[in-house]
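The same subunit A turns up in both complexes below, where it pairs with subunit B and then with subunit C.
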Partner chain A sequence: MSRDLNQPPKLLIRRLFIYFLITSGVFFTGCSKSPFADLEPLPVNDYLKKPGNFLGNTYLLSAQIDSQIEWEEGVGRILAVETEGSTSRLPVFVPDSSGQNLNVGQRYKMQVSIRKGGLIYVEDLRKF
Partner chain B sequence: MWKIYASSSLAWLLFVSLLNAQGGAPINGGRAATAQPAQAGVSAPANGVFESNSFLEMANRVFDPSSDSMDFENGSFSWKGKTFNIAEQRAFRSRLERFLLAFPIKEEEQYAQLMSEIMDGLSVSNNNTDDDILDVWQLLFRASDFEIDGGNSTIIANQVFNAWRIRKESRGVQLSHRDLEDIRKYQQDIVANRARMLKLIEGRKAENSDSESADALAISGIPTEESFRVSDLVETEAKLKALEGQVAATGLQAKLQFQSQIVSFLMQRRFEHALVLSGFYQVLFKGSHQTLEVGKSQLQEFLPGSDLTFTVDSMSFIAREAINDVKKGVETVNTAYSERRTMLALERLQEVFFLGEYSTALNNIPAEQRRHLLDLYRNLIEAGDLLEMKDYTSISSLADEISKLADDFPKTRVLSGVETAKSMSDMAVFAASQFRNVGQIEKAREELRQAIDIWPSNPAIREFQMETTKLATAGSQGVNVFDDLYERNDRRAIFERRMELGFALAEDEERRPLLMGIVEEVGRIDLLVKQSEELMKQGEAYAAWELLNEASKINGTDGPMNQARAELAPRVSDFVLQVDRADRQSEDGHHAAALAAYMAAQDIYPASRICREGIAREASALIAGLSASE
Partner chain C sequence: MLSCKDLSVDVSPKGPRILDRATAQFKGAALNAVIGPSGCGKTTLMKAMLGILPSEGEVYYAGELIHQSSDLLGMLSFAPQFSIAHERLTVNEALQYALDLCVRDTSVKAERIEEILMRIGLGEHRTKGVGDLSGGQLRRLGLGLELVSNPQCMVCDEVTSGLDPLSEDQILEVLQRLRDEQEKTFICIIHNLAKLEVFDWITVVYEGVVVFQGDLDALNQYFHIQDALHLYDKLNEHDIDYWRDRWSESKVDSTEHPEITAVHAPKPPNPVAQTWTLLCRRALLFKRDRGYWLLTLGITIGFPLLVTIFAWDGIPQLRGLALDSSAGFMERASEDLRFRIDSMEIASLVTGLILFQVILLTLMGSNNGAREIASERQLYEKERFAGLSAPAYACSKLIFASSVAVLQGLWMMLFVKYICEFPGVSITQAAVLVMCCVSMTAICLGFSAIFNSADKASLLSVYLVGFQLPLSGIVLALPEALVWVCRPFINAYWGWGGYFSSMLDTRLYDAYRLDSAEWIPSPSLAIWVLSSHFLVGALMVFWGCQQKRWD
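Moving on to the complex of A and B:
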């Protein structure tokens, strides 16, 4: 009998715990979604073979900054980046308007668009 | 006697030391001066001119087996300030070779012993009697029986016999002289008595004063007895003087004959005979007659610069010194040979041989040693002859042979000199070819002359001449050939025929610069192709390709360069693909795509100069374009 008296609080605690787990899981899943999650990754090898085929498209580029090739005040900088999933380096242009400090060795997820002449133009970028 | 000998010996020693201190006899002066440049060895080319004479002088010195004291040019041999007439080199050489070929024989030892006995027998210290001297004199006839003596002992024996005969005759003359003196005394007495008697008679007659009888005596005019006696006395006086003169002349003649023979022996380097004859002279003639009256001019030549009074003592001193020197010289030769200093031994042997050619001490050089030195001597003479002909190839092989015979032969110095001479000649031929190819014929001729002068048998000279003949034949058609090839832009063909074209276009002001430009251009391509081959050998395929790429920019149609590129392409295809892509994109103005391709290529070959320059160029162009569009 005494056993029946003790059971209701234990059951309640267990049910509350399960509820908490479910709600927190739903919450965290919704909050951790990548900002460029909707973007396709840039097919680097194909791009190198024929950059003209990708003009006007927007892609996600996950890369680490290798070196800065050129910079002009008020215009922007050309960076050499090592892309994830490929051994090749790519040149990307980051306009001055991005307003970020970009350091060699940092890794970024970039939203890039392919512009005239095959230029990889960085629209937005986030560290990761 | 000993005092005189000692003082003259000291004076002689002083004289010799003074001569040596002053650098010896004047005849050596020129020799010393010329020996200096010979030690300079081979000179480096100065202003493009090879001083071949320096090598020749050095080599001449190395291959000249003669001693410094021998001067074949002046035909003299200098020994301690004394100058001997060496005669012709060929004659000396033949005598030396004859000696080197001869065997020392027992007879020569016996002769040496006999001569030693004779010299001992005449030694002043023995206090010899007349009988002892006679015994020594008889030994001379035994000595003259030996072939090596050359009959010189007989000459001495005859001289001595002559002196003895003169002395004997002199004794007979002395007897006659004594008789005449007695007669003269008797005659003088008669004349003196007659004069006294006449004076006495005249005195008595004057007292009696008989003038008539006196007149009669004075007028008569008949010779008196007094006058006859005076005439006899004068005649006797004249006979005495004639006899005295005859004695003096005969004695002087014997002395002079002795002295001239001593000088003659000395000049002939017959030192032992000179010593023997001097010994006899000192025994036969008085101490006050030791000064030499003859051979003064010969002695002045023999001892140049000397103003000493020559005596028989000084002659015997020289002879004794020479004999001792020969003995020491032979010991030196044997020691040098036993210590394997064969060159040194040969050089000293020549001095010793010339000085002591007639000396018995030379027999102490063993036959085997003589043969070895003869081989060396002959090889050195031959090398000297080859050197005169500048036959360097043969000299090199002969130097090997000589070095086997003589450990102290400076083979390395000779070979080094030979190699330098050969290189200099080759360089001159090369320079001549270069000048010929660019049409500077006069300079080419000058260089060729120099090449021939240094090494006349240089095979490169023959090749040069054949090549030039060929070019001269082809040169007449040169202008047409050049125009045709130039029109077809076959620069490689022009380069390959550059020599004949250079010859043909030497005076063509219009075409010559074009030819020079093409030669330079293709030469540069060839250099790059060669460098790329070297890099390929080191496994640097990408670097090699870059050099070929650079060569292709000079002339993309060059055959050998394209062939090299084609051979290399499969090994660097990934890199070439990216670079070609970059170039194409760049040409189309797609700087971003070009930049990406260059970076991809750089990933393959990080040290690439093409990529480094391409990236810098494309990045600048890209940023400039973006800047303009902003």
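Moving on to the complex of A and C:
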């Protein structure tokens, strides 16, 4: 008869492990979605060629603020942004209602819609 | 009483056999001696019978088959040769804590401590520190500690070895009185063959085999010796096969001893009560260990000071770059260059300061956990054998070490934030830094529970802290393929990322972001990952404490 004397893990260890699995599941289910994860990225090169093709659509744009082109109090501002993954600069319109302190160098994920004349209108934005 | 049949112990599955088909039966309500030359397997025989070592064969106590050491709980205790009690406790405290861990009834505890002190003759030394006791007094205290649960049978490993004749006689006298007055059974591994006359039943072990059992007269007759002092010379005259065959053919005093009825001690206190007792004892030991608490205090206060040296006057403000592009080209280019240089300098300073805080906290965590269990492992094994619950012990260690880590994390956050004027949400930053220290504490505590040696656990913990900086990939860029292989396990990365993200709405964050688009974990994700590190550490502690690690 074998008398192996290392006792099997106790109930507490099993409970801790189950707790870990459950919390992992809950956490990753709840937190895995980054902001605007459901949105399709804006095809920057295609947009630059034919902005009219994208009218009315909504996209995700990840970009860094380069400079401010124009600002009008109570309306909003047009910014030049450098898109992530390319060197293209795009003008985007951020309405005053966004309530963000925008500065050069900041990086944002933006929910944008393409409006009349090919204007990139920022509907929502999150710093990252 | 205690007996075994064909009990064998191998060093490893394919290693040499150190106990070979040992069959022995000990006498109840008597003094049993186990003798044999050094290294013959006496302690191995007893540890295998008590379930401390893995073995093949059968062990019985009062006629009942024993499957594991916990089956003997409350009936039998084991006094190892060393690791008797914490040196910084007094005799009274050592006995009181042992009673609190093994006995529920308060009135029984009060009576028993007085009785034990009287029996072992340490009443007048009750306020003396364990570390100040003489060798003989220590052995008597060891006996007293085994008596706290009032076991029916006690196994004593070399209880009189290395003592002067007077101390040896005093201990044997205590054993005799307990046998006569309380019908207790003692199984003593001894070396002094001149004292065999005191014992009722003698077991001779030679080269891992039981070669004789009987009283002193029968031993002298069996080995044809005048005096037991000549026993080992006689054993050396023949090889082990001769003695094995001779004993198996012999019928010397082979009559079975009358079986005694097993007396079970009452159940020990519940794990919560044991955890509380252990925490009280640990707090007292911490208070008395001046060197350790001064070191802990020193690094708790000194490490944040080290961080602040680099930004004593606070972190410089980042001058903004105008959004308006109406300025001239040269003016704008110059402004842009100035802004980029400022940003790089400030980002480098802030990144460094955060990482420095985090690395120092991991170092504190390593100091909190690495030696905590391994340094007192033998004492823990002895207490577990007497009824201490392994989860209670693991919980007490996790609570104590984590409490120290929480204070260290909070102090680091408050001090550095105040001096360096770090912006960001204080509670988030506190949570990240606290979890950073707590999780590393738990991991190092896990090493301490897994390894037998405090030095090994400590060394591994120091290596782990040492690898935090290069493998975090914050200061030195890791090869692309390695980044996400290493990072999930690197405490410092999550501590740094969580803290840095807490400054998302500040210009310091923007300064770092100017040239880096790399993903940085949010504080909540960082805290979650650090919590899972803590959980892994806690699992290691629980698992390690479940394993038997006797020397």
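Here is the rule we go by: the second predicted complex is superposed on the first by the 106 of 128 C-alpha atoms of A that agree within 3 Å, B and C clash if a C-alpha of one lies under 4 Å from a C-alpha of the other, contacts with A are read in each partner's own complex, and residues count from 1 in each chain.
Following the convention adopted for this analysis, a contact is a pair of C-beta atoms (placed from the backbone, for glycine too) under 8 Å apart; a residue touches a chain by one contact, two chains touch by 3 or more.
As the structure is a prediction and not an experimental result, all values here were calculated from the model.
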{"item": "Partner chain in contact with A:64 - subunit B first, subunit C second, else both or neither", "value": "second"}
{"item": "Touched partner set for A:21, first subunit B, second subunit C, both or neither", "value": "neither"}
{"item": "Touched partner set for A:118, first subunit B, second subunit C, both or neither", "value": "first"}
{"item": "Contacts of A:127 with subunit B and subunit C, given as first, second, both or neither", "value": "second"}
{"item": "Which of subunit B and subunit C A:80 touches, first, second, both or neither", "value": "both"}
{"item": "Superposed model, subunit A: greater residue contact from subunit B or subunit C", "value": "C"}
{"item": "Partner chain(s) touched by A:107 [first = subunit B, second = subunit C, both, neither]", "value": "second"}
{"item": "Which superposed partner A:55 touches (first subunit B, second subunit C, both, neither)", "value": "neither"}
{"item": "Interface residues of subunit A shared between complexes with subunit B and subunit C", "value": "69, 71, 80"}
{"item": "Subunit A contact footprint on subunit B (complex, rising order)", "value": "585, 589-593, 595-597, 599-600, 602-603, 615, 619-620, 622-623, 625-627, 630"}
{"item": "Of all residues in subunit C, those that touch subunit A in their complex", "value": "48, 51-59, 67-70, 320-325, 339, 343, 390-391, 504-505, 507, 509-511, 513-514, 517, 519-520, 524-525, 528, 532, 535, 538-539, 542-543, 546-548"}
{"item": "Footprint of subunit B on subunit A - complex, ascending", "value": "47-48, 51-52, 69-72, 74-76, 78, 80, 87-91, 93, 115, 117-120"}
{"item": "Complex contacts: residues of subunit A adjacent to subunit C", "value": "1-10, 12-13, 16-17, 19-20, 24, 27, 31, 64-65, 67-69, 71, 77, 79-80, 84, 101-107, 127-128"}
